[in-house]
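Here the chain labels run A, B, C, D, E and F in written order, and each chain numbers its own residues starting at 1.
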Amino acid sequence: MFSVNVRDHVMVAHSFEGEVFGPAQRLHGATYVVDATFRGPELGPDGILVDIGLVASELHEVLATVNYRNLDDDDAFAGMNTSTEALARWVADQLAARFSGDGRLSGLVVTLHESHIAWASFERSL
Amino acid sequence: MFSVNVRDHVMVAHSFEGEVFGPAQRLHGATYVVDATFRGPELGPDGILVDIGLVASELHEVLATVNYRNLDDDDAFAGMNTSTEALARWVADQLAARFSGDGRLSGLVVTLHESHIAWASFERSL
Amino acid sequence: MFSVNVRDHVMVAHSFEGEVFGPAQRLHGATYVVDATFRGPELGPDGILVDIGLVASELHEVLATVNYRNLDDDDAFAGMNTSTEALARWVADQLAARFSGDGRLSGLVVTLHESHIAWASFERSL
Amino acid sequence: MFSVNVRDHVMVAHSFEGEVFGPAQRLHGATYVVDATFRGPELGPDGILVDIGLVASELHEVLATVNYRNLDDDDAFAGMNTSTEALARWVADQLAARFSGDGRLSGLVVTLHESHIAWASFERSL
Amino acid sequence: MFSVNVRDHVMVAHSFEGEVFGPAQRLHGATYVVDATFRGPELGPDGILVDIGLVASELHEVLATVNYRNLDDDDAFAGMNTSTEALARWVADQLAARFSGDGRLSGLVVTLHESHIAWASFERSL
Amino acid sequence: MFSVNVRDHVMVAHSFEGEVFGPAQRLHGATYVVDATFRGPELGPDGILVDIGLVASELHEVLATVNYRNLDDDDAFAGMNTSTEALARWVADQLAARFSGDGRLSGLVVTLHESHIAWASFERSL
């Protein structure tokens, strides 16, 4: 099984609802350093699993739709907490829609690093 | 599948028994930078897999029981070599006991980084 | 010359005023991974420049006053852009006030990492 | 399941054939920081999965056969693009041949980091 | 004193002349992860030392002139060894020419990371 | 001014004397990831400040004299606390003795990373 990963980042504001979040219920923010990892069992005729440049540009486009924004005001996230793991799933689902036609890719993991000590990820098939 | 990871560290002394360890048979020490990664298929009603703050405090408590100690003198490790992989299993088992009642968590990986060039991990179900 | 560094982090929301900031004029956020580096020419009688535990707790207290907050609503930053370099100076000045009585420390550098590709720092004497 | 990882690196020149590679069709080069991760379900009598020193020396020997070379001139890679994922498979296969007699090892992942924003890996059984 | 740093990377082939280089006398290659750090004593009216976006685009333009190339064929480096430290100076000098009109910047450090264990830098005034 | 850095590591046991150290007064241990940074104003005829291979082998030799040892039993450190900053000075002084005859090197910084959140360094002239 092959994997190819590209890293980018996004800077957003948000707040959380629920006692469990403590002070993070207040409006605050985060830099998410984002790793998008595509997986597949075979290489294509050019000797690659997927074009790293294409992954980089698609990931950048997905992140640009939320970059420098307050996620509390974004309809895409209405009624949900934009936790690190929930955002990882959202990025993964957006990328899955863009790469669903690629027959060599079988799965995808998106990891969001929120600090030097915490990260979350979501893994799904393609 | 979701994953949530928290990082902490511990500083211990120990020695190894067995020719294979060469100079590491002498009393020496290590900083282990520890990643505890919890896994599960669904998010809870608050939109999270597990409370990062809770994971951080439980991991810190587990590591505190061995931090700043000589593992050769600890009954918990009597008769065994406290290799990086064996310690990873011990930390994972301690955390598993603390989170076994959490129905959303299906597994756990604990990784101990012993230097910038070597690490070991243990993965188990919950 | 000796240096001792401790790392922590803070997660805040803010916005910037000025054409140069482009989309960062919108309300957004950041994780700042913060390195506080103290400098001095001589070690004390215990063989250390400064107690790492003390630096860690003082740094954590300074960051706690802004952690999980919207800096646009904080009087301490009224009328200024809370750029990475300006926040680095603010953290350095707060730490300087707390360590000004320590005769062995001659200076201080505070570095704020805003992503995997950008950071800013402020260096001052003590 | 246990994992043990060792890191090393290699510096090579190469070029790629195919429109998809754009400017990387020209002769250029890369540093690959290489992680070799061995996996297995049980520890041996010494309390380790595999000797880290042995993994380090075997990995170093494998990388030495291509280090400081132009891969375009190496018969081992004739007629193929030495993409990051293809090189990850080559390193994994070389290591697999060297560790195939080790009954405790069940699999292997080799990851090549080509920059701070991109990496690829290959995972196989042993 | 303030500092602002931006990171990018470049992938090149080259060879060295001189017995001291051993196997690196052969044609090989490197990924250089490049940190460009600008320094200055005061912030401007917008509360920043220099626009991070501008630094990122200027650095990217400088690196693009050598990216995916064999430096042995580049007239800019004729008759010299493109060692990590010599390339750091070249990048710093290129950036200095682009930022020489900026009255707030007093100096510049460029660091090239050639692997996880080695880097070189060049520091100059502006 | 040029700088060239090489990284290695060492794993030791030790204990500290003094109330300020709290639980670190017990016998414990550390991995120190060591950066040795040499500085000088001019490159030599080969286009380098110093041979990276030579720096790596000298640093490795210095660290080998204490690697896998209990520093409490080493006469070189009798009567002193082997704090991170004190060990940084010891490594720097050992390297200075080995490179004192190199006319191009003007100074040296040695940094010891004791965990992902703390490091200390010592800078001296050559």
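Worth a mention:
The rule we apply is simple: a contact is a pair of C-beta atoms (placed from the backbone, for glycine too) under 8 Å apart; a residue touches a chain by one contact, two chains touch by 3 or more.
No experiment lies behind these values; they were computed from the predicted model shown.
Counted as hops between touching chains, the shortest connection from chain D to chain F is 2. Both copies, chain B and chain F, contribute mostly matching positions to the interface they share, with over half of the numbers common to the two. Think of chain A turning onto chain F: fitted on CA atoms, that turn is 180 degrees, to the nearest 5. On residue numbers, the C-E interface is repeated by A-B, which shares over half of its contact pairs, out of the options B-F, A-B or A-C.
Between chain A and chain E, the centres computed from C-alpha atoms are 31 Å apart. Chain A and chain D, compared by their mean Cα positions, are separated by 27 Å. Chain C and chain D have centres, each the mean of its CA atoms, that are 40 Å apart. Within chain E, residues 7, 116-117 each touch two or more of the remaining chains.
Considering their complex, residues 7, 9, 11-14, 23-24, 26-33, 67-70, 114-117 of chain C touch chain A. In the complex of the two chains, the chain A residues touching chain B come out as 16-18, 20-22, 80-86, 88-89, 111, 116-124. If you check the complex, the residues on chain E that touch chain C are 1-8, 43, 46-49, 51-53, 56.
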